[in-house]
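Each structure below is given as C-alpha cells.
Here subunit A shows up in two complexes: once beside subunit B, once beside subunit C.
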Partner chain A sequence: MTSPRRVAILGGNRIPFARSNAQYSSVSNSDMLAAALDGLIERYGLEGQHLGEFAAGAVVKLARDINLTREVVLGSKLAPSTAAVDIGQACGTGLQAVNYIGNKIALGQIDVGIAGGADTTSDPPIALGDKLRAKLVKVNNARSNADRVKALLAIRPTDISLDFPVNAEPRTGKSMGAHQAITAKEWGITREAQDELTVASHHNLAAAYDRGFMDDLITPYLGLERDGNLRADSSLEKLAKLKPVFGGPQGTMTAGNSTPLSDGASTVLLASEEWAKEHGHEPLAYLVDVQTSAVGYVGGEEGLLMAPAYAVPALLDRNGLKLQDFDFYEIHEAFAAQVLSTLKAWEDPTFCKQKLGRDEPLGSIDRSKLNVNGGSLAAAHPFAATGGRIVPALAKALKEKGSGRGLISICAAGGQGVVAIVER
Partner chain B sequence: MSDRYQQFVNSFLGKQIAPRVGLPQPPFLKRHRPGAPVVDGPVLLGQADGGRLGPAVSRVLAVIGAETWTAEGPLRDGAAEAGLSPKIWSGATGGDQRFQALVFDATGISSAAELAQLHAFFQPVARRVRPSGRVVVLGTTPELVPGTGAAKASARVAQRALEGFTRSLGKEIGKGSTVQLVYVAPDADDQIESTLRFLLSPKSAFVSGQVVRISQSGRKPDLNWTEPLKGKVALVTGASRGIGEAIAETLARDGAHVVGLDIEPLADDLKKVTDRIGGSAITFDVTAQDAPAELAAKLKADHGGVDIVVHNAGITRDKLLANMKPEVWAQVIAVNLEAPERITRELLKQKAINPEGRIIGVASIAGVAGNRGQTNYGTSKAGVIGFVDAFAAEVAKQQLTINAVAPGFIETKMTAAIPLTIREAGRRMSSLGQGGLPIDVAETIAWYASPGSAGVNGNTVRVCGQSLIGA
Partner chain C sequence: MTTTRQLSSAPGTLGLYGRAALPMIPGASRLPFVAGSASALPDLTLTLPEVRVDVAKLQAYAKVCGFSLRNDLPVTYPFVLGFPLHMALMTDGSFPFPAIGLVHMHNRIVQHRPISIGETLSVAVRADNLQPHPKGRTFELTTTVRAGDELVWEDVAAIFRAGSGKGPAPEGSEDPTAGVGALRIAPTEEWRLAGNLGRRYGFVAGDVNPIHLHPLSAKLLGFPRAIAHGMWTKARSLAALQDRLPDAYAVDVRFQRPVLLPTTVAFGSTETDGGGLAFVLQSASAKATPHLRGVVAPA
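For the complex of A and B:
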C-alpha cells in the first residue's frame, strides 16, 4: 500500500432541486441521478472513460433499485467497466459517498471516482401491509392453480393496507422536525434568529445564481433552471407571517425556516492529483479529512440532530485546527434551528465542558462566512443529494478565493453527523 | 377510607360535570414508587441576582440526575462547574415546555424592591408547572441575615417576605402541586441535599406551604440514598396501626430495624406489623411512671441504644371544655405530651440515643390552629411544638436533631369515624383539596430521620395539604 495521496475535488454537477410533487414528480431517483451524472460526464469529457468507481445512494429508495448506481452507470456514457456501489447514511449519504471515493483515491485503490446521491419524495416506495404481503407470498409460492386460487381467496379486505415511508424516527415516533423543535427549545433559539438565517440562505443562493457562480455546477433539468424552492425575495416580514409547524402553537419553527421535502440529484468528481494533471483538470480544492459521529437521542439524552456538534471538535483536534481557522463554513440547514443550536453549542462553555470535555468552548464563527452561496433552506434538501451539492460549491468558492479552508457539517437521521474539511 | 368525591371528579363523567358547576377537583397526587427518580421531569432553576445557593443546588440537581433548565447567565455557568449541563430557558423560545419543579434561589434578594425578582421568575412560568409539580424557594434565615445596619435590616425584611409569597402561591398553583420555602443559614449551603430531595420528590406529596429551616450541623455524611437508614435502630411508638404503622413500614423500607411499641391490648396488631417488616415489638404503656427508664434500659440491652425515636403514640378524647372531666384532660396530656417529654429526657440522660440520633415528635394541625372540642388535644399538640423548640439547642450539642410533623386531615380509621360533613370540610378546605395518607406523614418523618438531615433541627413541618386553617 502506498502512503495516502491528496484527494482533489475537480468539480461537480447537479440538477436544480425541485419541491416535492413539482417539476420532478414523474421521474425516479435513477432518472435524476443519470441526469446529474450525464451533465458531469459532458462537462469533464468523461465519455467512454473507465473510472475507478461511482458511489451514490438514495435515502427514499424503491426496493427494485437494488443496484441503483450500477444501473445508472450502465445507462450512462461512462465505460461499462466502471464499478458502482450504493451507500446510505440518511442525509449524510452524499458526503459519506465523497468520503468513500476520497479514501479509495487516498489509498491508491482507485485514481478517479464519482460520488453522488439522489432523492425523490414524489416517487416514494410504498410497501404492502405485512398481512397482505405474507398472503401474496403464499400465492406466489403456490405450485398449482388450485392452490393459487385457494391462497388468493384467503386474502380478506382487512388484510389490504399500504405502508408509506414516514419522516419519523422509528425509535421515538417523532418526526425530525419535532425532534429539532425540542432541541431548539432546549437551546433557546429564537424565531427571529431562525428567520434571519433563512433570509440569508435565500439571498445568498439567489446572488450565487445571479453572478453566474452556479453555471458550471448545475445542468437544467425538465425545464427547471434554478432550485424550485429558492425565494429570491424572501424577507423577515414574509417569514414572520408563517405559523409554527413544529413544537406546538408557541413553537419557533415554520415551513419557512425548515427545509421542505424535495427531489434532486448531485454528483462530484474526485481524483488523484496525477490523474487530474494527466487529464488536464485543475483541482478546485482538496478533501482533507472526514469525521462521522453519532449521539444517543432516544431517551432525550441529546438532540437528534446534534451529532455534528460532537463530530466537528473531533475533526478539528485530529487536524490541529481551531473552529475559527476556516474561510467558509457549510453547515447543512436541515432546519435553521439545527444550525443555530449547533453554533450555540460550540459557543457554550457548559456544553463544551460537560459534553465535550473541553476546558474552553470552541467559540463562535464569523457569520459572514456561513453558507455564503446559499444553504439547504434555499436550495432545499433532497436527502442524499445534499453532500454532492455542498462539496463542489465549497471547492469552487475556495478556488475563487485562491486559497483557504472550508468546513462542512451535515446532520443525519438516527442521531448521526458527517463533517469534513476541504482546503486549497 | 376512600375519598369517593375525589374518585368521582376524576372519572370521565366527573371531569365533564365538575368544572361546569364549579365543583373543586382534587387531583390524584403522584406518590413515591420504589426505584423512581427523585424528580420525574424537567426542573427549572432560577436565581435572584447575587444569590449564593446556585452551586449548592446545582450539585444536588446533578447528583439526582435532574433534567435542569436555566436562563443563560452566571447561574448556568456556575451549574456547569457543579456538573450540570442545563438546557436554556427563555420565555420567547420555551414553546410548550412545562416543568415538574421550579427551584428559585432567593438568597440574593436584599430589599423590598428586589422582591420583584420573584415575580419576574415565577410569573411567566406560573402556568407551566405539571400536575403534582414542586416549587421550592430558598432564602436566608431572616434572623441570620449577614451584614450591618440598615442594609441588614432591609435584607431581613425581604427574606421574611418570602414566606407570604410561597404560602400564597401554594394556594393558587393547583393540580396537586406544592410550594415550600427553605431558609438556609448563611453557613449551611452544604446541608440542603436531603431537604431538596424530599421537597422535590413525590415523597412530599401532601406537604405544602411549609417553611423549613436548615442550619449548619458540621456534618455531611456520605450516604446511600436508597437505604439511608441501613444499620439504624428506630423506635416508633403507637406502631400497630394508622400513621404509626406507615411510619414503621417506611423507616424499615429505608433500611432501619424498627422497634414498634404499643399498648398491651394492641399487641397482636403490633406483632403483625413488626413481623412483616422484620422489626421487633415491645408492649408498654408509655404513661406508666417507670416506662421511660425501663424503655431506655431495654433499648440499650437489646440494640445497644437507639438512633431514631418517633413519638407517634397519641389519643383524642374530644369534649367541649365545659363538659370535660379532669381525667379526660389528663389522659390526653399524659399520652400526647408528657410521655414524649419524659421518655426523651430519660433516653438522653441514659445516653441511650446514639450520636447522629433523631428525635421526632408528632404534633397536629390542632396544635397550630386549635379545634373546637379539642382543648386537651390542641394543648398537648401545641406542647409537642414547644417540646421541639425547647430541646433543639440542647440536642444539637450532642449531634442529635429534634423535629416534629404536624399532620392535618389524614385518611385513617380515626378520621373515617368523623361525621360526613365535618370530614368533607376537613378534606376540601386545603390547597390540595383532599386528605393525606399515612404514608405522607411517614415520608416526612423519614426525611427527618435521614443521616443527611443533620442540618434540619427544631422544625415543625405540617403535613396537611396546606390546610386553610392554621398559620
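For the complex of A and C:
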C-alpha cells in the first residue's frame, strides 16, 4: 500500500445556527443539512459532480431518517452516484465525520468528500411509551379484524405515555450540565472565569462577522443571517445577573455560560491535493491527525466531559508536539466550565502525573489564541453541526495567517472526546 | 377602461368561499354584488403590494407538498400568495361566473428567476381571454409577481365553466403537454395520499373549496369522494423534481382527471430533447388516463 496522502480542507458552508424553537422551529434535520450542502455546492461549483462520499449525522434524529445523508444527496444537485453514510458520536459527530472522510482520502479510497452534521431540538423524535408500543405491535400483527379489535381493547389509558428525548446520560440519569457542575466544582472554576470566557466568545464571533470573516463560511437561511444566539453586546455585568441553572443555588453555571439548545447544520469539503489542483481550489489547510478517547465516568471516576483532556496528550505525543506548538486553539465551549476545567487539568501536575502518567504537566496555553473567531457559547451548538462549524473556520484562520497549526477539541456525551490537528 | 383595485391586505378566503356559495342560491346572481350575472369578464386587475412571505406558513406548505425548504420559494408557492386575489376577483359582483363549479384545466407557471424568501413582492391578478368551448366556456386567470418593477413569476390558469356549448373548440391554443403521453413515461415513485390531504393542503394554501375537504361536502357538489387540489398535484410533482429544476423555466401541466382521496398514485419523469423534463402522475393501480401530465422547459 502507498503511504497516506495529505488531506486538504478546501472550505465549508453552514447555515446560521438558530436558538431552539426560533427561526428553524419547524425545519427538519434534512432540510437544514440540504440547505448547508446547497450553499457548499454553489460555492465550490459541485453541481452535477460525482464525489467520493458524503458523511454526516444528527444526534437527535427521527426514526424515519434512517438514511438521512443519502436522502439529502438525492435531493441535492450532486450527482446521485455520490454515496453517503450516516454516522453518530454525539457532539463529536461532525469532527468524526471529517475524520472518516479524511481517512478515506488519505488512504486513496476516495479523492474528495463532504463531512457534515445537522441537529434540531425544535423537531425532536417523540417515541411512544414501551407499554403502548408493545400493544400496538400486537394490533399491527393481528391477522383478523376480530383479533385486531381484541388487541386494541387491551390498551388501557395507563398504557399511554410518550418518551421525549432528554438531555441526560442514560446510566447516571444526570444531565450534561449537572455532570459538568460537579467537574467545575472539583476544579474550582469560578463564575467570573466562566463569564469572561463567554463574553470573549460573543465578542470574537461578532468581530468575525463584522470583518467579513464569515462571508464565505455561511449562507443565510430562512431570513437568518447571523447566529441567533450571538449577543454582540454581551458583558460581564449582564451575565452576572443570571441565576445558576446547574449545581444548585451555589452553582456557577448559568444559561449564559452554557450553550443553549439550538438548530443548525454544517458541511466541510475535503479532498486530496491532486483533486483540489485539478478542480482549481487552493487548500485552506490540511487535516493532520485525529484522536478519539473515552473515559469512565459512571462511578464518578472522571468528569463526563473530560475525555479531551486525555485525547489531546495522546495526539500530541503521536505527532511529537507540545501543547504550546499551536497558533490557534479551538476548544468547543459546551460549557465555559468544560473549557476551563480542561485547561486547568493540563496545567495541573497531579492530574498529569496520576491520570496521564506524565512527569511534566502539559502546561498553559496563550489564551489570546483560544477560539479567536468565537465559540459555541456565542454561535450555539446544534450537536452534530459543531465539528463542521469549527474545521473550516480554523482552516480559514490558518490561511489568513499564512502558515501555522491549530488544535481542535470537542467533548461528547458518554465520556468521549474527539480532538484534531490542522495545519498549513 | 381597465380598473386596478389595490387591496391593502390579503382577503380571508374562508369568507370569500361564503360569497362564492351565494350564486348557488336560485336567483341570487341577479343581485349586483353577487357574481354570476355579468356576461363578459370584468376589465379589472386586483393587486396586493408589499407581500412578504411568512416563513412559518411556507414551512407548513413545503411539508404538505414535499418540498425541501430552501432559501428560494418553491416554484408553486406564489400561486398561494395570489390565491386570495383569485377568490376576490371571482366573487366580485362584476364576475360572470359563480366561483364554485369552475374547473382548473391547465396551468402554466413561468419562473423568470428564483425568488428568495426575504423579498418584498407585489402580486396582481386578472381574468382574460373568455372563449367559447364545445361544452361551455373557458377563460384565463393570470397572476403576476413582481419584485420592484422586475417581473419574476407569472401563472396562467386555464379555467373551464360548464354550460351550453355554443362555440367551436378554441383555436390555436397549443398544449405544450400534448406530447407527454407519447413518451410512455414509466412511473418510478408511488405516493400514498391520505383522505385528509385536501384539508391539509387547503389549510396551508388557503383554498378551502368544499370539494377538497370531506367526502360529504364533495358529494354535495357531485364528486363521489374528496378530490386532491390540482395545484397540490403540480406542487408535489415539482417537489419530486426539485433537485433537477433550472433557475429559469416554464412548467405547464394539464389536469386530466381528478385524484379521488384516499388513493395511491404513481409518478414518473423523463428528460426531453430540449433539455427539459416531462412528467406524469397517474393512478398506481388502474391503467386509466393519467391525473396529470406536465412539461418543464428551461428558459
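The rule is short, and it goes like this: the second predicted complex is superposed on the first by the 423 of 424 C-alpha atoms of A that agree within 3 Å, B and C clash if a C-alpha of one lies under 4 Å from a C-alpha of the other, contacts with A are read in each partner's own complex, and residues count from 1 in each chain.
Throughout what follows, a contact is a pair of C-beta atoms (placed from the backbone, for glycine too) under 8 Å apart; a residue touches a chain by one contact, two chains touch by 3 or more.
Not measured: the values here are computed from a predicted model.
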Could you classify subunit B and subunit C on subunit A, in the superposed arrangement, as clash or fit? fit
From the overlay on chain A, compute the angle at subunit A's CA centre subtended by subunit B and subunit C, rounding to the nearest 10 degrees. 140
Once chain A of both complexes is superposed, is A:V27 in touch with subunit B (first), subunit C (second), both, or neither? second
Who contacts more of subunit A, subunit B or subunit C? B
Once the shared chain is lined up, is A:A271 touching subunit B (first), subunit C (second), both, or neither of them? neither
Could you tell me if A:L74 is touching subunit B, subunit C, both of them or neither one (first, second, both, neither)? second
Nearest approach of subunit B to subunit C by C-alpha atoms in the superposition, in Å, rounded to an integer. 43
Which parts of subunit A are touched by subunit B and by subunit C alike? none
Listed in rising order, subunit A residues that touch subunit B in their complex are 181, 184-191, 247-252, 300, 344, 349-351, 353-355
In the complex, the residues of subunit C that touch subunit A are 55-56, 59-60, 62-63, 68-71, 117-118, 242-243
Touching subunit C in the complex: which residues of subunit A? 23, 25-27, 30-31, 34-35, 38, 74-77, 219-223
Would you tell me which residues of subunit B are touching subunit A in their complex? 67, 69, 72, 76-77, 79-80, 83-90, 92-97
